[in-house]
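So that you can tell them apart, the chains are marked A, B and C in the order they are listed, and the count of residues begins at 1 in each.
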Amino acid sequence: MKKILVQLDGDRTPSVFDAITAYDAGVDAILQYGGIDPREVRDLVYGAMFTRGPADLKNSAVFIGGTDVRKGEAMLQEAKQAFFGPLRVSVMLDANGCNTTATAAVVKIISATEVRGRRVVVLAGTGPVGQRAAALLAKEGADVVLTSRTLERARSTCATLKSRFGVEPTPAAAGDPEGTRRVLEGAHAVLCTGVEGVSLLPEDMWREHETLAVLGDVNAVPPLGIEGSKPTWDGEEVDGKKVFGALAIGDLKMKIHKRCIQRLFEQNDLVLDVEEIEAVAKELV
Amino acid sequence: MKKILVQLDGDRTPSVFDAITAYDAGVDAILQYGGIDPREVRDLVYGAMFTRGPADLKNSAVFIGGTDVRKGEAMLQEAKQAFFGPLRVSVMLDANGCNTTATAAVVKIISATEVRGRRVVVLAGTGPVGQRAAALLAKEGADVVLTSRTLERARSTCATLKSRFGVEPTPAAAGDPEGTRRVLEGAHAVLCTGVEGVSLLPEDMWREHETLAVLGDVNAVPPLGIEGSKPTWDGEEVDGKKVFGALAIGDLKMKIHKRCIQRLFEQNDLVLDVEEIEAVAKELV
Amino acid sequence: MKKILVQLDGDRTPSVFDAITAYDAGVDAILQYGGIDPREVRDLVYGAMFTRGPADLKNSAVFIGGTDVRKGEAMLQEAKQAFFGPLRVSVMLDANGCNTTATAAVVKIISATEVRGRRVVVLAGTGPVGQRAAALLAKEGADVVLTSRTLERARSTCATLKSRFGVEPTPAAAGDPEGTRRVLEGAHAVLCTGVEGVSLLPEDMWREHETLAVLGDVNAVPPLGIEGSKPTWDGEEVDGKKVFGALAIGDLKMKIHKRCIQRLFEQNDLVLDVEEIEAVAKELV
């Protein structure tokens, strides 16, 4: 029986990346659906639920993607509401790669150091990756600080994280080097989750920092988030600090993504959102 | 050489159900096309006709689906007109599952009893499934009565059936229990083909009925068409009557659907509309 | 690792012909994208470039099709601009079959005669197939004359060919039999590339022609471009001339198309536009 993945994508053209990755993870056939509105999800998921018998349902699964993460979340919600008790299929959310990227970054950091009880700063953390990384780090027991250019945006994001994940990172403003220097005081680790091509951390600031032990960056497009680093650094030791660049994190992200796709077809009742994806990621490191 | 199915669907998102079923029937690759207007069919069918050589054409086929059955019928018409003599591919119409569901219901009934010359009532029979079931039962020699809430709608549907299938069911109004009781007088079998979640046949009416021998229902969503029945009943004997619920009929429908898909790839000149699908169904019982 | 073809098509419904041909050439999975605007190409090509590692990139490729050849050319341009040095995938342009059809016609002609230094007329050559055939014949050293109904259109097309291919065919008007007779004076070969169902060359004119040695026609729909010929003629000798009909040319076109698809997956840096496709075609004859 063929392993069939239903790819639901919020964008007009469903992600080529997600489709090729799914094939490389062992999927036999993909049904691609683009421009999906959350209201269309139920019937599409019904189509996956009501076709094969209960014993075979684990051979059908749903992947939710697209650049609009909020829409992806709404689609996941619709998919979960479509299920009838045991009559369900496994589903994974990775809109814009946010879940696999966030978990890869967090798993890199926690595999390099203990974050429990320590100050960990997520710089420019209001986007999908930053939010998820902050939530996971907080759940690991870190004392998380989430920054944005304005305190107001950081506060708003932290409120979202409290309601979605039950965690309470500290919001902070870091709109210029001085603000960044201030939030990094006493920090043990820092993760840069800003947009591509924007430098967040000046080289002298992190190289000379007294308490920083681990740094991570998810931006692979120069200028990098961590000035003076390389995207390929995979825990490179620099001035006593371990640095993880975006390509090293991306490499792990790819492994996580494929392993999650494989997990979808091992049982029919998985919901792979960020927490479950982190659990899969930990098994890989 | 791969068995390739061209799935033409009138809905924006081509049916997941139809695609998975096709894969499970042994198709190697599906080309999915959604939002198809009948005017687009010719060129798509040409693409299937003019690619492989005559000896290989049986490895390409067309499936027409979508919730809009009339549009599906128009699409089938266009597909048939695209063929040039022996230069053709096999094609199946099962928009909204109407053909496989109707044939499954009818085959269940005729496998349980002889309908020739007997009164068989199709309750709420104006929809695609009801129409096709009524036509098939009439062709089996039954004295078919097709009901609707209003006599006018029943009459209009019967006129359609006469022109499409050359059969003449008797139209009748059955908008309330009293009307239903009246049309069931002397009936040997009854098939409920109303919309989901609408009860058509009160429990005491059918349990105490003197002539009814076989009952069928295609509605799996409570309240069921046959009050007091179960969707899983597969010819369950109740008060001397055999009752077929929607899941039992659905199970046969699934087998018919898969077998029809397989038949498409055995030769290149099949047109599987309701009559031909019934012939396939009869081989399965 | 699966061979995955990303089919980018300018038409709403991606070509069934191109998809089936790709499967028959050995592709394992096709990702079909319809209604593609050139501006959407970059992100889709990125999806193919950034998923697999450099050593595996030859297993992903892009096919650009659709009835609008200009749009296809713009899409190819976008695809090539998306590549980063060695980080690229192979790509083939065959919008409306123009490249494979033109190369098939030209290869048929040059396999039957020497065109270098000889007058070769491309009748009704302003369309995509005619343009490409004229360019290839000129590159083979022929003294090419490209005709249209008006001299102005022929001139405009020849200017396009000069800038695109660096060749300089002679423009000529051939809007009636008399004009056609005039341009054919002293011609060694003629290729008809007009629209389907339009006769371009009266039977007596070509049969009695003193210098014509080879004729080709890409129109398979009667009336044919070469009056009195047959689409299946594959170099048929008639009055001392060799004639190639549209089905014979189409048969070679199909072989070229499949071989090109296979070539895409042999390395990751091929760009198969008309010149490269002709090179593949020559290997086949």
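By our rule, a residue touches a chain if its C-beta (ideal position, glycine included) is under 8 Å from a C-beta of that chain, and two chains touch if they have at least 3 such contacts.
Remember, it's a predicted structure, so these values are computed and weren't measured experimentally.
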item	value
Rotation angle superposing subunit B onto its copy subunit C by C-alpha atoms, nearest 5 degrees	120
Shared interface numbering between subunit B and subunit A [over half = same, under half = different]	different
Length of the line joining the C-alpha centres of subunit A and subunit B, rounded to whole Å	46
Shared interface positions of subunit B, touching two or more other chains	29, 32
Subunit C - residues contacting subunit B, complex	12-21, 23-24, 29-30, 32
Contact footprint of subunit B on subunit A as seen in their complex	1-2, 4, 6, 28-29, 31-33, 36, 40, 43-44, 46-48, 50-52, 60
